[in-house]
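Next up, some structures in structure tokens.
After this come two complexes, each holding chain A, first together with chain B and then together with chain C.
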Partner chain A sequence: MRAARVLLRPVGFAGFGLLTLVLLAAAFGPVLWGGRAAAVDTGNLLAGPSAEHWIGTDNLGRDLFARVLVAARLSIVLAVAATAISLVLGILLGAAPMLLGRRLGRLVTSAVNVLVAFPGLLLVLFFAVVFGVGARGAALAVGVAGAPAFARLCHTLMAAVSERDYIAVARIAGVSRIRVLLRHVLPNVAEPLIVNATMAAGGVLLTFAGLSFLGLGVQSPSYDWGKLMQDGLNGIYVHPLAALAPGIAVVLAGLAFNLTGEAFAAVFGLGDLPGGARPLEEPREPVAATPAVPGTVLSVEGLRVTIPGPAGPIRAVRGVTFALSDGEAVGVVGESGSGKSLTALAVAGLIEPPVRVEAGHLVVAGEDLMAAGAHRRLGTSLAIVFQDPMTSFNPAHRVGPQLAEVSRFHQRMGRKAALARAVDRLRAVRIREPERRARQYPFEFSGGMRQRAMIGMGLMGDPRLIIADEPTTALDVTVQRQVLELLAEVRRDTGAALLLISHDVSVVTDVCDRVLVMYAGRVVEELPAKDLRTLARHPYTRALVAAVPDMDTDLSRPLAVIPGLPADPVHVPAGCAFAPRCPLADDHCRAVAPALVAGVACHKSTEVPV
Partner chain B sequence: MSTLSFHDVRVRYGSHTVLDDVSLEVADGQTVGLVGESGCGKSTLARAAVGLAPLTGGQILLDGRPVPNRGRRPVQMVFQDPYSSLDPRMTVGESLAEAMPERLGRTARQAEITRLLALVHLDAARAADLPVRLSGGQRQRVALARALAARPQVILADEITSALDVSVQGAVLNLIRDMRRDLGLSMLFISHNLAVVRYVADHVAVLHNGQIVEFGPTAQVLGAPRHDYTRHLLAAIPGAVPLKEQT
Partner chain C sequence: MKIPTSGRWPRFALRRAARLLVSLWVLVTAAFLMIHLVPGDPVRAALGPTAPADLVLARKQELGLLEPLWRQYVTFLRHLLNGELGVSISSRLPVGETIAQRLPATAQLAVAAFLLAVAVAVPVGVVMAMLTRRGRGRRTELAFTGTNVVVGAIPDFLLGVGLVYLLAVQTHLFPVAGRDGLDSYVLPVLALAIGPAAVLSRIVRVEMLAVLETDYVRTARAKRLTSLRVHLVHALPNAVTASLTLGGLLLSSLVAGTVLVENVFAWPGLGSSIVSSIVAKDYPMVQGTVLVYGAGVLLVNTLVDVVLALLDPRSAIGES
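On to the complex of A and B.
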């Protein structure tokens, strides 16, 4: 339960504790001390602190300590009421674009934007004059003045939610706008709203004290903390506590609201890392350092990647060993959660703590990445292409200088020379008018062009290994083909090796010499790409290939499916991870994990008919 | 089930024409595949049919009458991303119940939910689960069940397998074929994947730059394409033609 976690934090504990005290005072103050606070003692006017009156008496001899406690109710009630007015008005105004349609909604939103620009206090004073002095007027004024900020917040939150497909689905299903708002939108924006409202209540409390202090708020004979402060001000040099005590009450109550809000915000994930992940406590298993396979551009042994998770460590990659010779193209296929992308990231040296990478060795172009500082020495021997070319470029910089930066940093080239090389490389990846394109921003490039430019960035140096993680997944088939052709061409021209990660079996067979099939963090089969469709021996590989329809699939039969669910990376079974879904599995498979022998990790591989 | 027909449908955003006089018919009990590159207007066509994209010209008719774009639509849509199409705070059962056309009593509603989940090969116990407990493939089945819950006359499936893993994609495609066979669904099946469309569709329409450039029976369009663009698409499928290195 997330709400319970609020109390486990020091901030949450303090906030909730204070808030409970303040609310108790508000609830029971007038009942317990009401009589004392009203008792006039003419023999003890404006007295200082004494054993009988802890912080003295006022000009009618009433006990100030009791009055501060009694004032809690009115102060808190007014603050909560004003916050509630702000919240309700804010939700209504923020939801206007949803409820009123596009045109009227835009009008409301513009009005809100204008109001947000006004200083809050100015609005409060303006409305206080409009609604008249007194507790009710002040509550309305503070409430209305706070509405624009909430409206802006609601509008932003709701805009994000209303783009989700389930809103469209509900509309298609004929759910009315108001019901969509109540059932789908509000529950999904409630958490940040509540957090903000709690924090705002603290501020509102202070505003009220200010208003009453100025004489615009609560009027005699009622009194709140602000009014008490005003009364105490006359004697501040004689009896400072008379004015300070209600001030301290305001501070404490404000703190109570704000700390509670902070604690909620932290637990509900606003401005905090995903909470609850336990750091990796278990000691590292000793990994014997092994030498790299000679004559390879990439050599990995026993690679393990472990991610701390709330339910225990997630063993995403569990002992992967492979090597790439110079100029070789190797594909890694697998489904989501197979560990293929993390393998690529680990090989590229891009994984940072708290995620842990272990390996017997991890040598790229002669540099052991497990050693410190290896990444810098690696320089431009390694080129990386990611799935989403939009996020791999900095959107605020022009493309040419971003490419040039590689050469300026690694090859110590001058600005001009580096830019000239960038233009040359853009030409090499077949971007037309490279001089003009180099001056453009990433968003002016199409997806395919961005991916080419990314490859071009890899070519700024002299790469010996290109790691491409799903380089064409975000692209159309026609563009995908161009990018794959470009990769093949780059390999031919530079002699670089290629490690291609993909979920698409046909992409890998098109481009690669050799294929590694991954399942649940292990390589289950390794075979020549041309044999993938016909000569695969692992049941998973065969099922994976059969599940994908191609242009020759038999239309009269249902597609092959893999029963069951992928292995849970937190609780990987002891034996073969694929055993629960495998038609051939027996007790031995479930008990003993098969090793990768002669290209396949399966106890039953000899039984599979080829 | 009924016939959904698009007549000279035109959609423009400002000066940008997304759909340019598109005419297409999804006949009774048929599955029509709609293929094309991203940005060619595939999704816009489907969204226009359920009133999510405003028409600039033309009309969309269901059995000769305009498709209503208020209230419960007789045409239901299933979206690409199953992680975005289910309200994370509603259980599977609540999501299905919301889409049902009439307010049913408790037991009748439970029975209907069980029936719908069985249609998409899900266990009735799933009704009490929140979407977060379901895998991508299971979510997509719930999304299909929800579309069926509204008792639609036509279903629009917009890239419903592209966010799924390949092994799950197979199961969803099998389900689509089963449902068409058992329920006689009329369906517009949008996908960029020609092999997937070939597997589920009777007819194929090829959309290019907001215009339909080829339409016909699946075997004919994908087997003997007449338009250059269709040939271009077919040649781009990985494995179709050996990669040539650009010179």
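On to the complex of A and C.
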């Protein structure tokens, strides 16, 4: 049973245990200690703690410990009753759009929205006036005051459920509204409602204690925890425990409800649990340090990126070696999950722990990224264009200052000069009216404009390398073309090298000089871009190229796909990772991983007809 | 801050003002109806069963309860617009006068507590997010969330009692009750602020953690700014924007929370007077106090929305 799992969590265990104790006290307290709690001992008035009276006596000499235990019943019963009232009223109000039809329902919903804006205690006081002072009035007041919050919750939950097909079917079949609500909707929202009601009961308990404490709730001679506190507060100088003990009882009982609710929420998967990724425990494999190749803007040797995961470490990049000469354009292609984006982020030095980056060497624009430090020079010598232009600008700042920040921070420019440069750069990336645009917020830019502004941000410095991670994937086709042309133009003007990550073979062949093909965290083939379509030797590269439709593709036949699924990065096979999907694979392929030799990592590369 | 001249600000102001007016109308009408919703004869209940019948009748006449409901409503609205809130049944003093006398004490308490809560919660939340980010500092995280849940579960009046015991009864550092000098503010403000500070710091931490994983923070890191600048200039404004919505709710519940705390500390504010007038069935007094509290809450909510719109212009174009 799913609910049983609640007990396996520390929070659930504590909450459930505490709740059981509180409920037991409520059930048996008055029976077991009722006599003791009422026994007047005139010789022992307002006594302090003693062996006989653990937390002392009140002004009539009655044992306070017994009174706190006995008060559990009234406190709990009133809290549960008030919660039940809130729940029932809340369900009725929340279901109003379903029961009363659209127009009346909307009226109820907006009334609920207005009421929710008022804090609970204010509503409680209002209804306390209406229902009068006393336990019954207070229960009604707290119950009614809690209804709007439940109504809001029910409305949200039910709105989600009532969209579903089976509700529509039931409606069309002529099932009455009340029956739809009871048979189809309520059972589907019951879990979150119960969880919330449990937590609300904890809050109601505290509110009730507050009301009784104010003298608006339970009246003498009855007493709940709040009433005991009120009686105790006057004597706090002489006898502090008399006020503190019932207070502690209230907090414990409140926590019991809250923790139980939280634990149920976690088991039902309602709350968001913090990520359960375990830190990497396995020893690091040593990577031999190698010197960088001179004359290159980017040089990486044996790059590995490892992500800790609940099912073991994910080896997303497994030893990638390549270099970019000054001004060269290199494309990296591969399916999703091939590790190409992580390679780009690792090369940009933007991967943070617990994800681990290792390499023999990793030198970008003269900065050794494997050495510790802030690598501040990369702020001007490396430009990065990210995949999603919609989320890559800070929504809280205007576009101009976001660009200007680079110059202000790295080039020590003044605010005005930096902003002028930002406007100039925006003009350089063909943004119209750059002065006005610089004063706007990112959300006022279209996707293509934001991507151009992002390129402009890279141009604030003097980039030697541009890393573009799927820069056109999130854009529509016409805008894609403009952004690619802009990138080419920028390269012409600045002489910067380009590392272009893309899953789109045609984009890469258009823009780049050289192509790296990645599969399951490794480079499987490296070849000049112009040869990609015709001279590829790796079966994966050929399949990838074949899967791209062109003008000659016969549209009456299904489009070509690569059979099978990409390799699972948690369980990479021992041999060639592509073997399970490869038509040429044999036992040798499945057993021994091929090395990248003469531009291709394939045992069968000689067998592939070119 | 310079407000852009495009059309979304007037539209936002209009929509928000309309919502405020509707809410105020609901509040005023509810306050008016309160006395009519009381079962039985409210005036008889207020004056007690031994009061002579003609006194009850006279008092009803005075309260205008003998006229038709709609005329009472019109009179009530007219008086309200002139700032007249009626006369207290028990003290025979104008309600407006009593409220004006007591409101500053309550407002001081609420504002001081809110400022303290924010001043504590934001740095704590940010530092905790930095310490516990991406599975780091598991123990710190556990200790923080654990204390937070427990502290957040203790209602303000209980905290008040506990503080009185620890800092007034045991150590005589601060006065037990009353409003006399600066040190008398310490305990009530603490009692009010601790709970909201706990809740708010938890929210700030969670929001900060979420913001630190966003693409635009990665962009900021790609600019190779200092870690301090990434956190404070790029992450914090966004985290605070998201936290502010809930912070506003906290502020309005804080306004209401003064009722209980004032009673613990015998604070001469509205909170102690509303309770005594509910017990005494002094309906005009309760009516006036409810109106003031409710209007305070609504104004706070509106203010929060405006601040939110200034900080994050997107929220101004969002639907209500």
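Assume the second predicted complex is superposed on the first by the 378 of 610 C-alpha atoms of A that agree within 3 Å, B and C clash if a C-alpha of one lies under 4 Å from a C-alpha of the other, contacts with A are read in each partner's own complex, and residues count from 1 in each chain.
Here is the rule we go by: a residue touches a chain if its C-beta (ideal position, glycine included) is under 8 Å from a C-beta of that chain, and two chains touch if they have at least 3 such contacts.
This structure is a prediction, so every number in the text was calculated from the model and none was measured.
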- Message: Once the two complexes are aligned on chain A, which partner has more residues of chain A within touching range, chain B or chain C?
- Response: C
- Task: Answer with first, second, both or neither: which of chain B and chain C does A:Val114 touch in the superposed model?
- Result: second
- Query: Thinking of the overlay built on chain A, is A:Gly174 touched by chain B (first), by chain C (second), by both, or by neither?
  - Reply: first
- Message: One more residue to check, A:Arg427. First (chain B), second (chain C), both or neither?
- Response: neither
- Determine, under the contact definition given at the top, whether A:Leu214 touches first (chain B), second (chain C), both, or neither. second
- With the two complexes superposed on chain A, say which partner A:Pro240 touches: chain B (first), chain C (second), both, or neither. second
- Of the partners chain B and chain C, which touch A:Phe126 in the superposed model: first, second, both, neither? second
- Task: Mind working out whether A:Pro354 is in touch with chain B, chain C, both or neither, as first, second, both or neither?
- Result: second
- chain A residues touched by both chain B and chain C? none
- Within the complex, which stretch of chain A touches chain B? 164-166, 168-175, 183-184, 187-188, 335-336, 430, 476-482, 484-486, 488-489, 492, 503-507, 509-511, 543-544, 547-551, 553, 555, 558-562, 565-566
- Message: Considering only the defined contacts, which chain C positions touch chain A in the complex?
- Response: 22-23, 26-27, 30, 34, 37-39, 45, 134-136, 141, 149-150, 153-155, 157-158, 161-162, 164-165, 169, 176, 214-226, 229, 234, 237-238, 241, 249, 252-253, 255-257, 259-260, 263-264, 274-275, 278-279, 283, 286, 290, 293-294, 297-298, 301, 311-314
- Okay, in this complex, where on chain A does chain C touch? 111, 114-115, 117-122, 125-126, 128-130, 132-133, 202, 206-207, 209-210, 213-216, 229, 233, 236-237, 240, 243-244, 247, 250-251, 254-255, 258-259, 274-275, 277, 279, 308, 348, 350, 352-354, 374-379, 382, 384, 386, 388, 391-397, 405-406, 409-410, 441, 443, 454, 457
- Message: Please output the residues of chain B touching chain A within their complex, sorted ascending.
- Response: 37-38, 50-52, 70-73, 75-77, 79-81, 84-90, 95, 98-99, 135, 143, 146, 150, 165-167, 169-171, 173-174, 177, 192-196, 198-199, 222, 232-240, 242-246
